[in-house]
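First chain A sits with chain B, and in the next complex the same chain sits with chain C.
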Partner chain A sequence: MALTTDQEQRKRRRKSSFSPWIMGFGRVAFTVAITMIGLLFITFIIGRVMPIDPVLSIVGESASKSTYDEAYRQLGLDKPIIVQFFIFLWDVVRGDFGESLLTARPVLDDLIRVFPATLELATVGTIIGVGLGVPLGVIAAVKQGTWIDHIARVVALIGYSMPVFWIGLIGLLVFYGKLGWISGPGRLDIFYVDIIPTVTGMILIDSLLAGDTSVFWNAVSHIILPAGLLAYYSLAYISRMTRSFMLEQLDQEYITTARVKGLSEHAVVWRHALGNVKVPLITVIALSYAGLLEGSVLTETIFSWPGIGLYITTALLSADMNAVLGGTVVVGLVFVCLNIFSDLLYKFFDPRAK
Partner chain B sequence: MTNLLEVENLTVKFPTRSGMFEAVRNISFSLGRERLGIVGESGSGKSITGRSILRLIRHPGILEAKRIALEGEDLLTKSEREMRKIRGHKISMVMQDPKFSLNPVMRIGDQICEAYRLHAKASKAEAREKTIKMLEAVLIRDPERVFNAYPHEMSGGMGQRIMIAMMLIPDPQILIADEPTSALDVTVQKEVLEIMDKLVRERGMGLIFISHDLNVVSAFCDRVLIMYAGRIVETCQADKLHEAKHPYTRGLLNSLPQLEHPVDRLAVLQRD
Partner chain C sequence: MNTFKSLMLGVAAVAITATAPAAFAATPDNILVIANRIDDITTLDPAQSFEFAGGDLSRNIYGKLVNFDPTDLSKGYQPDLAESWTVSEDGKTITFKMRAGVKFHSGNPVTAADAVYSLQRAVKLNKTPAFILTQFGFSAENADQTIKQIDDMTFSITTDAKYATSFVLNCLTATIGGIVDSKTVMSHEKDGDMGNNWLKTNTAGSGAYKLVNWKPNESYSLIVNKDFYQGAPKIERVIVRHIQESATQRLLLEKGDIDIARNLNPQDVAGAGSKDGISILSDLRGRLMYISMNQKDPNLAKPKVVEALKYLIDYKGMQDSFLKGQYTIHQAFLPRTYLGEIADKPYSLNIEKAKALLKEAGVEAGFELKINVREAQERIEIAQSLQNTFAKANIKITLQVGTGKATLGVYRAREHQIYVGAWGPDYPDPNTNAGTFAFNPDNSDEAKATGLLAWRNSWALPEMSKATKAAVQESDRDARAKMYEALQREHQKRAPFAVMFQKIEQTGIRSNVKGLNTGGAITQVSYWPITK
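Now for the complex of A and B:
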């Protein structure tokens, strides 16, 4: 009897578990919409209050009054600012960010071209950073206070404090200039460019999709140094955070339980303690990944990497507001998406969050 | 009766800024297939004594003893690898609060299976079957559901029964219960104790029951050690606890409220 009621209850739970998903999705969509509108509003206002005359940068300084006025009306600048904002909002929703002054192409096309470059660099960097940073942090925590811990600390400190343009240039000098182990700046050697069809915009993936391994290895030899630098930077942060999370977990009672069971130190540390560290680490990794996705201007500049950081900076310096606003929207979207994604991962890894 | 466990001249020290702190000072006792209670106030060294038997004193702590012998075999001469075969397999421990002593992100079934498979080279399916049986033995209703649940979904009493199941599944000879009911609701304390008692008795195990609750210990154990400031001050039969002679034990007994003889003001221990 008790069993049947239990089963019924479970059935009921299964049926009703459908609507919370929709509710959850609705809530997420609402949050995203509000956040994005807020972000767009702020960037729009900043774009308008900047002492840059968008009309002048189009028509040039020697244009006549009538040309100026016509351009002024065409840009919709005679309308009230709130109306201008909604026009801008509607354009963005349709994917129209206007044209870039600098490249004379739709900003959207530019973004589709530059963002995958940054995505590729940041992803490879994060994968290396997590792959090395997490074990380094775990080992530092386990060997707390020993020379291993101190070495890990120094390694992380250097990663934090060394300016990336310096390490980048020295890296290029040594590994490209002197040793010739890797390729120089850019994403590909010139004779590999445009061989493979663009699918994702990420050369590493596109070359594999096309089955062209020579392009793939050339891209690897180009990305390895800039990605390694970004990885070092995120490794510094991730390893320190991992260490402190691990120390906290290794003090918990369930660790003693695991030892009482007769488990090896290896299982205690990597299965039990790290299992609990995964959850807070998700946030740390997501934040560091988001930081890299914003585009690391210095790294992209040194390595002539045509990514979004370089794109936004160049646009800013030449008062190309359409491009700046477009880039900001992409960066904002990335942040919001990563947040949602890490929330989902949280629910997946932490049974208490369900 | 042969002794399962013999502890001779055990001392546990912790280096502190103001010199060595001796948490346990030169104590000796033995355990047969019986229920031995260790009572004492907080900081008297009873928990450290329990952990010393498993050689689980954390890093700065120093464990010294003439002998800690399990069935005549000295544990002090064993390597860490050999100790791991003894932990869980021969000697096990149930800790105070299941909220903290169970891994929060691992399924209950996996945690119990892990303990079993570590010592009993069994297949996954076998371990699962055995785990379900063990959960039934600690009177968990619907063990299939509990197997796939996480610790936070359990009540305190259930958590402690799961802990007992996990610690008894490799069939150890000695169970150390370190305040197993202190974190539990009074209403479930007795239930958990009864389950533990039944299993320990059925398996002919030795039990070391660490507690600060004199009433529970005198009702539940065969023999009681009373610890104070790292020393064993008195050993007596549990049913004769109320005839104890040592002034500290008397002091402890006097500080308990009694239903039959209510007093205005409870006695407080005199520490000189």
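Now for the complex of A and C:
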């Protein structure tokens, strides 16, 4: 009898260990769908109540009445707003974001062109930011209250508080204008443009795929300053957060135990303490990465970087709502994906989450 | 190309690794690199394009029936794809003879059929700039009868009334007058759109350059048309990059990575202009700054008051301070470089004279006025300067700053007292401004002629309206120019408009670049006469 119960229980456990996965997946998909629809709806409504006339931005002020009316009908603005929203939603589900007013091309094509530029910049920026920010935070925590800590604090504060456009311009002036160490604005020198085939849209990767190192190095010399700038900004945030997480850990009893056991300080700090900081740190890094992926409008403007931040802003200012909504979907998806991804990483790193 | 590539590779390597200042990197002699704001381009179709950067692109790709010569804009329109033309006795029909031996980029010959197709197409598509043609009575319904092919190389257009030939031809120099390759365009027609969708991102012209590609908000690049009928240009490739920031454009120019910077702000003009190897080209543009006085206001309706206010504007002070390098004093309603332009500047700041005039008008004790101005930096500064100088003659000003839309709404409803306005001409003929500054056939509120600046200011000018109408029909170009000169002098004296400034555009260029013409107020940039 006892045996059967045990078997049943085991069976039930096996069954229930399978269904949570489906349940989990279903829940995630449902959340994503609701989030995206909500996001689209709000953006859509804001776009419609904005005091910019999308028709005027197509036809201009000197257009005749008949020209205006025709464009008005073509945009479907004569229909009720809720109908407009559902038409739009149905198109999006089918992968059709409509055509951008500004570029006269399908929004999807535009996004495929501009998003990789931002992705490339944000990824390089985050790698540099994490590579420098985490060690800086750890050292600042270990050497709390010393001059190293103070310097780390000042560095972070400057990164936080300096306006990006100012550092960007000064950086360009010094490293490009005066010293000539790097290339100027844009993703490539004009003479390298369109040499390699576009695969991913990220020039660093595409040039390596094509085996063209000259293009690769040119792209590196273009990306290093704007990426460094974004890195500095995220470094400020990451290092401060790392420091406070680490301080909390270093106070814990298990650290004292480890030290008493005679473990080397190196192992205590980098393996034990940092090991336990990993999980909250992942959230911080993911959030900062997502922030960069939204596209930094100022950085993209100064460095003439044709990314998604600049694309959405330009579109917004000219009431190009298809482009704005398309861009919003991408940014929304980025946030959702990074969230899911960091959840998965938790499960991987944190035994309790299993 | 190999040596060139390895050279560039060397330069790039030096730029990355060198710790010493990198050598000055000039662009190759056969390539012209330009920094410009090109995010206003929304279509390349000449029947639809109505923006600045799009006009620049179009001018270098599409030939027109008549066109301005970049080496001398003051000659007015010159034969381009049309070799000659004759005008019928009644002045309504112009018959064009096409130039023989000209080819489109596709290799197709340019014929009368293409010209007829292009003009009919522009009228039938009825996009934004279509009014430039439809003001002559062309419509989608009558285009097949009014724009007619006669034989392979001749065709005629018939307007609904007698218009000055120079009026019609000036309008044909606008971007909408670009002649498209009818065979190529028709082969890309979809759902009866006359190739509109295809021409948004492709071109089918016969001009000096062919389009290689256009990446919105990023760049466009052109390659030489070796068969250009005026001879192949020296510059083989033109690359225009979208660089938003003035400071960035200046850096690129100083480094020699670009040859021309189109959007330098006054500070950067001053900074870059003092460097070796860079010169600054100043060019007049069409935009005017003016103030206007609503004639519904009892004080402003007094001619002496209107005159007094024109003496209370510190033209020079504004030009030399916050408008420096961006606007120059100009006091007539036609921008300089237009047919019939005048350079008379009868007014300057003269407070004593203004006070005397106000006394004659019986308002020397002063009165209060509102100035409506939109929230744009330079216009607010102008309004503040007016507030300052008007106060010296006891006229107390309150500024009403609003959004562009709200301010324009007040203006169109004739509810303002004084309005600080800017006006840009729509097409390269004097009537574009005369027809709004000096034309108001019906001044009643019911007329709702909100498009006419004279109506917006409730200014009835029956005599001048007649003169404006007559100028539109004068077929002799010189006589017509004289009419506009007289009209403007009269306008300067009587109108409740004080035209104050004309826009200037300053372009930074590397000193080795010769022959750049940005088109003045009347047309767009021409790349083909440029050499390095």
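Here, the second predicted complex is superposed on the first by the 317 of 354 C-alpha atoms of A that agree within 3 Å, B and C clash if a C-alpha of one lies under 4 Å from a C-alpha of the other, contacts with A are read in each partner's own complex, and residues count from 1 in each chain.
Please note the rule applied: a residue touches a chain if its C-beta (ideal position, glycine included) is under 8 Å from a C-beta of that chain, and two chains touch if they have at least 3 such contacts.
Not measured: the values here are computed from a predicted model.
Trainee: Once the two structures are overlaid on chain A, check if chain B and chain C clash or fit side by side.
Mentor: After superposition on chain A, chain B vs chain C: fit, no clash.
Trainee: So, does A:275 touch the first partner chain B, the second partner chain C, both, or neither?
Mentor: Touch status of A:275: first partner only.
Trainee: Pick one for A:191: touches chain B only (first), chain C only (second), both, or neither.
Mentor: Only chain C is touched by A:191; chain B is not.
Trainee: Of the two partner chains, chain B (first) and chain C (second), which one does A:79 touch, if any: first, second, both, or neither?
Mentor: After superposing on A, A:79 lies clear of both chain B and chain C.
Trainee: Of the two partner chains, chain B (first) and chain C (second), which one does A:27 touch, if any: first, second, both, or neither?
Mentor: A:27: touches no partner chain.
Trainee: Does chain B (first) or chain C (second) touch A:150, or do both, or does neither?
Mentor: It touches nothing on chain B or chain C.
Trainee: Check the residue A:260 against both partner chains and state whether it touches chain B (first), chain C (second), both, or neither.
Mentor: A:260: touches chain B, not chain C.
Trainee: Output check: A:59 vs chain B and chain C. Expected answer is one of first, second, both, neither. What do you get?
Mentor: The second partner, chain C, only.
Trainee: Which value in Å is the smallest Cα separation between chain B and chain C when the structures are fitted on chain A?
Mentor: Nearest C-alpha pair, chain B versus chain C: 43 Å apart.
Trainee: Which stretch or stretches of chain A touch chain B in the complex?
Mentor: Residues 2, 6, 252-254, 256-264, 272, 275-276, 278-279, 349-352 of chain A touch chain B in their complex.
Trainee: Write out the stretch or stretches of chain A touching chain C in their complex.
Mentor: Spelled out, the residues of chain A in touch with chain C are 51, 58-60, 62-64, 66-67, 70, 100-105, 110, 113, 169, 172-173, 176-186, 189-194, 214, 217-218, 220-221, 301-304, 306, 310-311, 314.
Trainee: State the interface residues of chain C toward chain A in the complex, per the touch definition above.
Mentor: 4-5, 8-9, 12-16, 18-23, 27, 33, 39, 42-43, 50, 126-131, 134, 200-201, 213, 215-219, 239, 241-245, 247-248, 251-252, 254-255, 257, 403, 405, 426
Trainee: State the interface residues of chain B toward chain A in the complex, per the touch definition above.
Mentor: 54, 56, 84-89, 92-93, 95-97, 100-106, 114-115, 118-119, 141-142, 145, 150, 152, 163, 166-167, 170
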